[in-house]
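Please find the structures below.
Heads up, the next two complexes both have chain A, just with different partners, chain B and then chain C.
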Partner chain A sequence: MPFFERIQKLDRRVMYVLLALVMMIPMLRPFQMPTVVTAQVQGVYDAVEAIEPDQIAILSGDWGAGTIAESMPQTEALMRHLFRRDIRFAILPFAPQTATLMQQTAERLAKEPEFKGKAYGKDWVNWGWKAVPMFAFLKSMAKNVPGTVVQDYQGKPIESFAAMSGVKTIRDIGFVAHITPIGNLSIWIAFIQSVYRTPLAYAPTAVMVAQGYDPLDAKQIVGMLPGLVGGAQYEVLLKQPGNGLRWSNSLSFADLLMVGLIALANIGYFASKREGSRKG
Partner chain B sequence: MSSITAILGDPVLMNRIIIWVGAIGTLAVYSFLYRENVVYRLVEHFYLGLAVGYGMFLVVTQILLPKWWVPMWDKGMWWWAFALVVGSMFYFIYSKKHNWISRLVFGMIMGLTAGSLFQDFAGTNFPKIAASLKALIPHAAYELPLTAQKALGTATPYRELTWAGAINNLIFIFVLVTVMSYFFFSFDYAKHRKMSQFAQVGRWMLMFALGAMFGATVMARMSLLIGRLWFLLHDWLRIAQM
Partner chain C sequence: MKEQGFQFFAAHTDTATKIAFIAGSLLLGALFIAGLTFVPRRARKPLIAVVTFVAGLYFSLEYLLPAKETAERVLEGGNGVNRTVRALFGWYLRPLAGSRLDADQNFLSPSVQQLTTAWQVIAGFTFALGLWNLVHIHGKSILRGSKNWFFSALFFLGFAAMALAGFMSTHGPYKGMEESAAVFDLATRGLLFALDAAMFSLIAFFIISAAYRSFRIRSAEATIMMVSAFLVMLGQVPIGIWLTSWIPETGFISNFRLEHISYWILTQPNAAAQRGINFGLAVGAMAMALRIWLSLERGSYFEREL
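Up next is the complex of A and B:
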């Protein structure tokens, strides 16, 4: 069988193995590929830089273990930036797994030498998963934060935490980032941003990125971290390479392989067609 | 028995066991890529059972107990008992004679949802309509007159619009109008050839957008694989370092 025909009949399982092997290379042999920071990521960074010292930030989310490769680098980068700026933040999970995963991320960062002294309750607080409709929670929280949140993820009264001192309404919140694999950004926009003009950032998984461009254009969000690449670009801005950059290298390798295979298959298709017409 | 207690009491050992279970589960699920097999089916059923059990556990521990039972039983908020009555009304949907009872609560929920969706729609989409009206002529930065500032509720000065920005806006308006014309069905396109060509351009623009969205979807799927590969190489085999 000629080479180009064989290429077209390549077993899909061979491609799967190739894909896995190619993606493993940057994980086993880390290296730095050039990463360009886009305006949308810079927008999120600038919004975090603009938070007033007496304000609190909210890191809202509803991601789980399934999207860890995209949502975790985004969360980690945002938390790292907030820690560096000494801005208190609240974890606001809209899914049960998110409460645990975001808490673990904050605890892991707090153990790093750079963030010595950062502690739960003082520098961040976890509001815990609230089993209520998101719009109802946001509407109520905007007017009365402690009365809506009531207790943290461990059941302790929310007002007992130093991180919550002076936080009464949405006016005390200087920044919100919504880290999500699903399309519910509009709830934050409709019930908070459009009413109170709170700076809102969007950190979706790559599959949801398209939903972010029109609010970005309409200035309803200050910026966006598009999937894993968004987390990687934020790491560049923080000058702190981490899993975002490492994993985005794997993504680039996978993309290169796929583009290569598509090109090869097309060349094979046209070559065999030409061969067929020559034979008559 | 004592050995089980020892394992449960050793967090490091427990962590390793959890990682091994995760790794075997991951490999079993990916074995489907080779072909349909018993191991994959078995793990799939485990997963479904776990997900249902986890969901029920959450409903009981995070909702029913703290939000309903404890306030009603321990804190004397007896009126929470009515929640049981209202909740039970849903089940009248199965009665041919009394299903009107279920409609009362369904109607209430639909009303609540419709009300919130209206605010959702208005708050999300109206600003986008306003943002679609873009300037096409380059200009220097300027401040609005005081009367206009009051009317618009903003004192933010208008930023400079460069030639590049104006071209960008022109492309935006062109794509917007062509795509909208594609969805305009009041024309007989067979009679209006120019309009038909315009709509065809809109169709091409849509194809570009859908292609970009599909590319983003592929990237998201690859990211899922990255998450699992990292788990296998870093947490399980420990051959990838942070």
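Up next is the complex of A and C:
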């Protein structure tokens, strides 16, 4: 087989091994690469900075273990910032796995020496997953938070938590971040942001990022954390390197490998086409 | 928020009340479903159509009708528009402004919470239906000894193990014990989450193989798409930023840094295209919603005899 045809038919197992290697090496041997903080990430940071001390923030999400590499660094960075600012927050999961994963993230952060004294119920509360359409929950919650949430993820009355004191309606909520791999941001916009003007941030996975620029341009969202890179940029703002920065190096090399392989296949395609036309 | 006495439709956390409500709801639900079976076949579709219409109408009106604060503003306003609105809709605005509702509520708002709770109950039934469906399909597969009966048995095993681990950690004598928490942790973090993450991460391998095999520059459109894809992909990640980090950060030349090109593509041509798509989607969704709301939808599922 001619060389240019051969490079178009690379064994897929070779690609799999190459991808595994470029993903693993930066994780095993971490190093620092340049990261530029974009305006959209800065917008989220500024919105968290602007939350009033007596207000509560909502970290809403419907991600699971499948998108943990992207959604977890985003969640972690936002929680870290809220802990630092002593702003209490509520976890609002719209999927069963999210309730557990976000709770575990908060518990892990609370064990760090920097956040000594942070405790469940006082600094954060988990509203638990509710089997109800998102729009119906948001509509109801906006007008009566404790009446809609009722109990936390363990079945304890929501009003018994110090973190929920004074939280009655959407007016008591100073910031919402929706961390999601699904294109359902429009529900938050339609039923909360456009009605009550609550600052809303969007933290999608990379494949959903393109959808976020329209509401960002329309100022319906205060900012956006685009995938894993968004989490990494937020870590730069917090001056606390974490999984976001570490994993984005793996992503860098995976992207580079993909670009390289596609370019290689196209070089082979054009060269063999030219060779074919020359032969007649 | 006004303090009220015993609220029948509110969710109850007291154990005795909760059990009484569960038993009562089950009994009522069973009676209701039994009653529905007596509805003549001819009347079943119109019944569903009426319920769908009323539910849709309620949520639309609750969203669109002005709230108390708007009513007060219109009643106090002195300009011509307010006077016209007052003359036309005074019958609605005056009682609303004089009501004891919260500022952002209209007459329909107080029931939203109860309906949301009712919705949760209905959603619970749909879960039961889903479960019944799975048990039915996999049970049949095992009983018939079909080719892949082993996977069906695995379903029952996995389902029972996860349910048991969940119940043990939150209910009964093992509640709150370290051992039951460890079993739940093993079942979720150790198994479910790990499998889920592994399944999803396989996509990266398929994507790289598929992109390598199928992404060929065969037309001008494909060329534009490939160049934009490369720029956006690399402009988003640190290595792309590093590739053009030698270009000054200020001045006209800074526009040629990969992260700036990528940001421009995403915020300008992409946002414009997304907006166009969103308009189309919204119109389509509205048409679809109207068809479902008014029970005009046709097709195999909607035309089946009930």
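Note that in this section the second predicted complex is superposed on the first by the 264 of 280 C-alpha atoms of A that agree within 3 Å, B and C clash if a C-alpha of one lies under 4 Å from a C-alpha of the other, contacts with A are read in each partner's own complex, and residues count from 1 in each chain.
To be clear about the criterion, a residue touches a chain if its C-beta (ideal position, glycine included) is under 8 Å from a C-beta of that chain, and two chains touch if they have at least 3 such contacts.
The model shown is predicted, which means the values in this text are computed figures rather than measured ones.
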Chain C versus chain B on the shared chain A, clash or fit after superposition: clash
Partner chain in contact with A:Pro34 - chain B first, chain C second, else both or neither: second
Partner chain in contact with A:Ser194 - chain B first, chain C second, else both or neither: first
First, second, both or neither for A:Thr100, with chain B first and chain C second: second
Touched partner set for A:Glu70, first chain B, second chain C, both or neither: first
Which of chain B and chain C A:Ala210 touches, first, second, both or neither: both
Superposed model, chain A: greater residue contact from chain B or chain C: C
First (chain B), second (chain C), both or neither touched by A:Ala265: second
Touched partner set for A:Glu112, first chain B, second chain C, both or neither: neither
Partner chain(s) touched by A:Val150 [first = chain B, second = chain C, both, neither]: second
Which of chain B and chain C A:Leu257 touches, first, second, both or neither: second
Identified clashing stretch of chain B versus chain C [99-107, 135-143 or 153-161]: 99-107
Common interface positions of chain A, toward chain B and toward chain C: 16, 19, 23, 66-69, 131, 133, 136, 206, 209-210, 214, 217, 226-227, 229, 251, 254-255, 258
Residue numbers on chain A that touch chain B, as the complex places them: 13, 16, 19-20, 23-24, 27-28, 66-70, 96, 129, 131, 133, 135-136, 186-187, 189-191, 193-195, 205-210, 214-215, 217-220, 226-229, 243, 247, 250-251, 254-255, 258
Sites on chain A touched by chain C in the complex: 10, 12, 15-16, 19, 23, 33-36, 38, 64-69, 97, 100-101, 104, 130-133, 136-137, 139-140, 142-144, 147-148, 150-151, 154-155, 157, 168-169, 196, 206, 209-211, 213-214, 216-217, 226-227, 229, 232, 248-249, 251-259, 261-262, 264-266, 269-270
Parts of chain B lying in touch with chain A, wherever the complex brings them together: 33-34, 58, 62-63, 67, 116, 119-124, 127-128, 130-131, 172, 209, 212-213, 216-227, 229-230, 233-234, 239-240, 242
Chain C residues within the chain A interface of the complex: 1, 10-11, 13, 59, 62-63, 102, 104-105, 109, 112-113, 115-116, 119-120, 123-124, 127, 170, 188-189, 192-194, 196-197, 199-201, 204-205, 207-209, 211-213, 215-217, 226, 230, 233-234, 236-242, 245, 259, 263, 266-267, 270-271, 274-275, 278
